[in-house]
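You will see chain A twice below: alongside chain B first, and alongside chain C after that.
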Partner chain A sequence: MARAITTNRKAVNTALAWAIGLLIFFPILWTMLTSFKTEAQAINDPPLFLFFDWTTENYSTVMERSNYGRFLWNSIFIAGGSTILGIIIAIPAAWSMAFVPSRRTKDILLWMLSTKMLPAVGVLYPIYLLFINLGLLDNVFGLTFIIMLINLPIIVWMLYTYFREIPGEILEAARMDGATLKSEILYVLTPMAIPGIASTLLLNFILAWNEAFWTLNLTAAKAAPLTAFIASYSSPEGLFYAKLSAASTMAIAPILILGWFSQKQLVRGLTFGAVK
Partner chain B sequence: MGQITLNQVTKSFGETQVIPPLDLEINEGEFVVFVGPSGCGKSTLLRLIAGLEDTTSGHININGNDATDLPPAKRSLAMVFQSYALYPHMSVRKNIAFPMRMAGMDQATQDAKIEAAAKALNLTDYLDRKPGQLSGGQRQRVAIGRAIVREPAAFLFDEPLSNLDAALRVGMRLEIMELHEKLKTTMIYVTHDQVEAMTMADKIVVLQAGVIEQVGSPLELYHTPRNKFVAGFIGSPKMNLIDGSEAQKHDAATIGIRPEHVSVSSTEGTWKGRVGVAEHLGSDTFIHVHDTGLMDMMTVRITGDIQVKHGDDIYLTPSMDQMHRFDEHGLRIA
Partner chain C sequence: MSIKNALLTSVVGFGLTAGIAAAQSTITIATVNNGDMIRMQGYTDTFTEQTGINVEWVTLEENVLRQRVTTDITTKGGQFDIMTIGMYETPIWGANGWLVPLDDLSEEYNVADILPAMAGGLSHEGTLYAAPFYGESSMIMYRTDLMEAAGLEMPTAPTWEFIAEAAAAMTDRENEINGICLRGKAGWGEGGAFITTMSNSFGARWFDMDWNPQFDTEAWANTLNFYKSMMDASGPAGYATNGFNENLSLFNQGKCGMWIDATVAASFVTGDDSTVADHVGFALAPDTGLGKRSNWLWAWALAVPAGTQQEAEAKQFIEWATSTDYIDLVAANEGWANVPPGARKSLYENPEYLKVPFAQMTLDSILSADPSNPTVDPVPYVGIQFAAIPEFAGMATEVSQEFSAAYAGQQTVEEALAKAQDIANEVMEGAGYK
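Right after this comes the complex of A and B.
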């Protein structure tokens, strides 16, 4: 089959892939371009593509008006914290599902995943009330915890898939060699699963970073991450496209850079288990 | 140290009982081989002893202590797996050190033991390599090294040679036997290869469908198999088992005669047949004989080389004092 793919078809495929890639990337590119326009140019009809007066004025305005550093720190704290916390909980869970499965393991896995199918707004009311009663509203720790819970099914699923690839005999050997459960997970399983754990970490960091529903609903000022920072520029008193775009660009830049440098890990993580 | 006793041990997976109640005594310093066709429960039995599977009922004693509910780590046994089960992310040195590290042994003792094990197993030059950079035989040696340093009460081997090529297998077989001579530690060895069982064991345990068919020394099993199954399983080529009127002549339901206990002639003999395939090994010749009217195909083993052609008539004479007789239940008639 491989030989049947001619040079011509390869060229067509490449062009198609680029076209689809650009189509997906276009909104981000447009946001970035708009962030360097004046407000007037931003809403110009016909839209200006590259030939306008490039300005960084929006960025200075945004920096003046909001404390970007604090939003950034909150984003890093929430995304990083929820991911690490999730991994710590998910490793033992995935271990037991992969290596000592019970008759119900498959059902539990599916049930966990099914929680992701529930529209988040469906549980907003109870969780909001819980947060009020526990005094967790606008609190980074509360937010970290809830986002960890939201992403936990995906972390467990990913780790489970990775762990399944590790031969059980090696863990049995560790048990025979006198390892306790803790040593077995710490010294044998985890080091062997490092590539899998790394891509799980990355993907969940990105998911947590981009999470907007809970961050917008459960924060006000103190705990607000970059998603709330963007939202603060879509103001009801008029649309400031250029400033909104500048804020968006600033919010997505860190994660875009992280994703760029770790794309190999990410692709491996996303296709793992699917291609064998 | 190294006495293992199984008392009415059973194992079920769900509804299926794979090991019906089983008793077995393994003495200090013995080399015991569990042998049987695949799926006979030999590996399960080994894993029960190791503690990697829980017994459904019954008791396992190790050195007089009830070990039935002890975790594997607490049974002072070491295991060598078919897949070697080395830690791929650790160097050979760290692999061998792992059980000592888990036991909290001090660094100096660890180093000394690693050096000694590496020397004994010809691994000194490979201590800093990862398992992925070693050949199959070397990996198996690392697995053995990792077992030795624990100084266990008994070694458990789960088909350790089946991933190696034939030449290497014979070499490693000798190494394991040498090791047993040197350490005098109890060894339990699982294999489906009856040649390995015959050459290595002090005591062979023949299993079928989770049931022990016979326990004995290799020659006991060879000379006095307790039933038809053991008779057919032990010995290579297989024993010829003959049913029907020929067996009735000897007051048995089945008679068995090993290929090496039949002599051949081109002119006269007890049974007449036609030569099928002849396998010339140089030292021996295996002749497969058809149309004897006794069984589908009879195998005869002749020492040295003998010139026979496909389709030749041939006369066979069994050595009467080497004949085995079995009753209608397949049990040996004394």
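Right after this comes the complex of A and C.
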């Protein structure tokens, strides 16, 4: 009897999980379906779910009108570059905060997080003027740097919470065995924190990929990533929903595929450390 | 080959390459995503073939574009050689010295051919600062079949009273037909633009001659009460959040008896995506007999930001894109219904173009709009659906949010107007107008 209840509960839980999963995924699914409709079908009332004349015309139009490859490359460069750069800076910072804390460590951590509370538009003009003077407007390196700075507090916080899970005695033992600071971080700490570092990498790559404020405001034609690609298909005067959906699908497809293949690492990392 | 010949060949080759590189300069253009602009992008190769100038496009949604180009021009960022801007920005930016005057365009370009209303709205103190790519006003688009079924006939220049009566007669809730669809969405360029033009016809105005906000007047109360009662009775559900696209979608699916909006919508409602294309008529925007109609005037125009390194190339592009030759090019390839409307007089003298069903009504609507004298009582500002002062966009967006909340029933019309008065008072005092 007890077994039957457990099975029933399992079935209910599974059904509930699927229902919630589908609910969350539905807007993406709807975007994908709309991308295969004509503009007239896209606004049809009642909405058409699966039974319509599927067309790939929107994808052809988007490919013809936009240089998708350049937008994609810029997104990969900016998201990848900012994440790697952020990790390189954040690992030593998180190490010192986790294992050699000072009286002010908690204050610094809170201060770092507080910078995320400032609306980005509040610093748009200072950053824009700096970029003009440094010649970094519409430049992938400039954008990589700014996105790294924007996400750095999150990277440091995530790594700090993972590092705190690791017993300090292990590092102490390594030091007693003669390990230098570099060896301690590279060969002792990092391998133990791999799940945490991997999930931090993935999460920040996704955050950088989706970042739309700075990528729209600091780019023009050369360094614009996929966020600008999507924005170019949005219009308040004209029904271009099917084309916009095709552009959105093309923009999110790479990150969806990456997320699909790395979901195990992502879930393991998120549930292993303190970010639970 | 001797060393001397090889050297000579290399030098000549290098010179030619450098020459080609110099000839093929690149200009960057920021523009909005709408049908006419996208069509223009498709013809860029023709311009490049003619001039050797390459063109890079930065296409953005209208509101994003506004923020982007404003940031760039105020900081002299120099990211764009040409910016697509409207009638609101042009006189303000021209006065600030942020735009290059377009006072040396060639004779063949024929500046005098630009419709006076458009040239006036894109000038500051008589100097043209942006060339109109296309212009628009607003007008009534209505279903001729539903109007006939209701036993009514649309006058060429109807009153608001007739529109409310016709809307009620055409409304058929069982068949999901709403008598009238109008913008209600918050935003100065969305519902804010519509209600401002409507208020002009009711005798209301944003400010008196001393820049005192006027939302506490009877004229504004009449405007909002009329709008709300008509829309509650004959408008679609959730009209408080409907903008251009939502209404276009409803109209094209046969769910609106009338729609008052931009004249450029005429080509959409009579196009392939419309299910009612064969039953659409046009009329001037309504009035109340006070001497002002509720139609606006707008142009998307191309301007050169001051400080661009490629002023000559930018002007060359503007001359090409806003010329009569460009109109002929589009007409030859895509038909007269698809040419950019509302910018040039000669277009409306062309018998071929006048065969397009909405051509004459578009021209009549544009000609009946007067940005220098937009209201029944005098005002200190220029602009019909806006007041051309820098503070307007932010202030009008806040005011329209209050109006939308009233349409949605979240507050009364009186409460919305009182808040609008407070918002406008605060902004105008802070900006030193009072």
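For this structure, a couple of remarks:
To be clear about the criterion, the second predicted complex is superposed on the first by the 251 of 276 C-alpha atoms of A that agree within 3 Å, B and C clash if a C-alpha of one lies under 4 Å from a C-alpha of the other, contacts with A are read in each partner's own complex, and residues count from 1 in each chain.
Note that in this section a contact is a pair of C-beta atoms (placed from the backbone, for glycine too) under 8 Å apart; a residue touches a chain by one contact, two chains touch by 3 or more.
Predicted model, so just to flag it, every value in this text is computed and none were measured.
In the superposed model, A:D45 lies in contact with chain C only, and not with chain B. Considering which of chain B and chain C touches more of chain A, the answer is C.
In the superposed pair of complexes, A:L129 makes contact with chain C only, with no contact to chain B. In the superposed model, A:L137 makes contact with chain C only, not with chain B. Shared-chain residue A:L159: touches no atom of chain B or chain C. Legend: residue contacts after superposition of the two complexes on their common chain; A:N217 is shown touching chain C, with no touch to chain B. In the superposition on chain A, contact is made by A:E169 with chain B only, not with chain C. Of the two partner chains placed by the overlay, only chain B lies in contact with A:D177; chain C stays clear of it. Chain A residues in contact with chain B (one complex) as well as with chain C (other complex) do not exist. Chain contact summary for the complex, chain A toward chain C: residues 38-40, 43-45, 65, 124-125, 128-129, 132, 137-138, 216-217, 220-222, 224, 228, 231-240.
Taken in their complex, chain A has these residues touching chain B: 167, 169-170, 172-180, 183, 187-188, 191-192, 194.
Interface of chain B with chain A (complex): residues 50-52, 71-73, 77-79, 81-83, 85-89, 98-99, 102-103, 146, 150.
The touching residues of chain C, counted against chain A in their complex, run 28, 30, 32-35, 38, 41-42, 56-64, 67-68, 71, 75-80, 189-190, 243-245, 248-249, 252-253, 255, 262, 264, 268, 272-273, 275.
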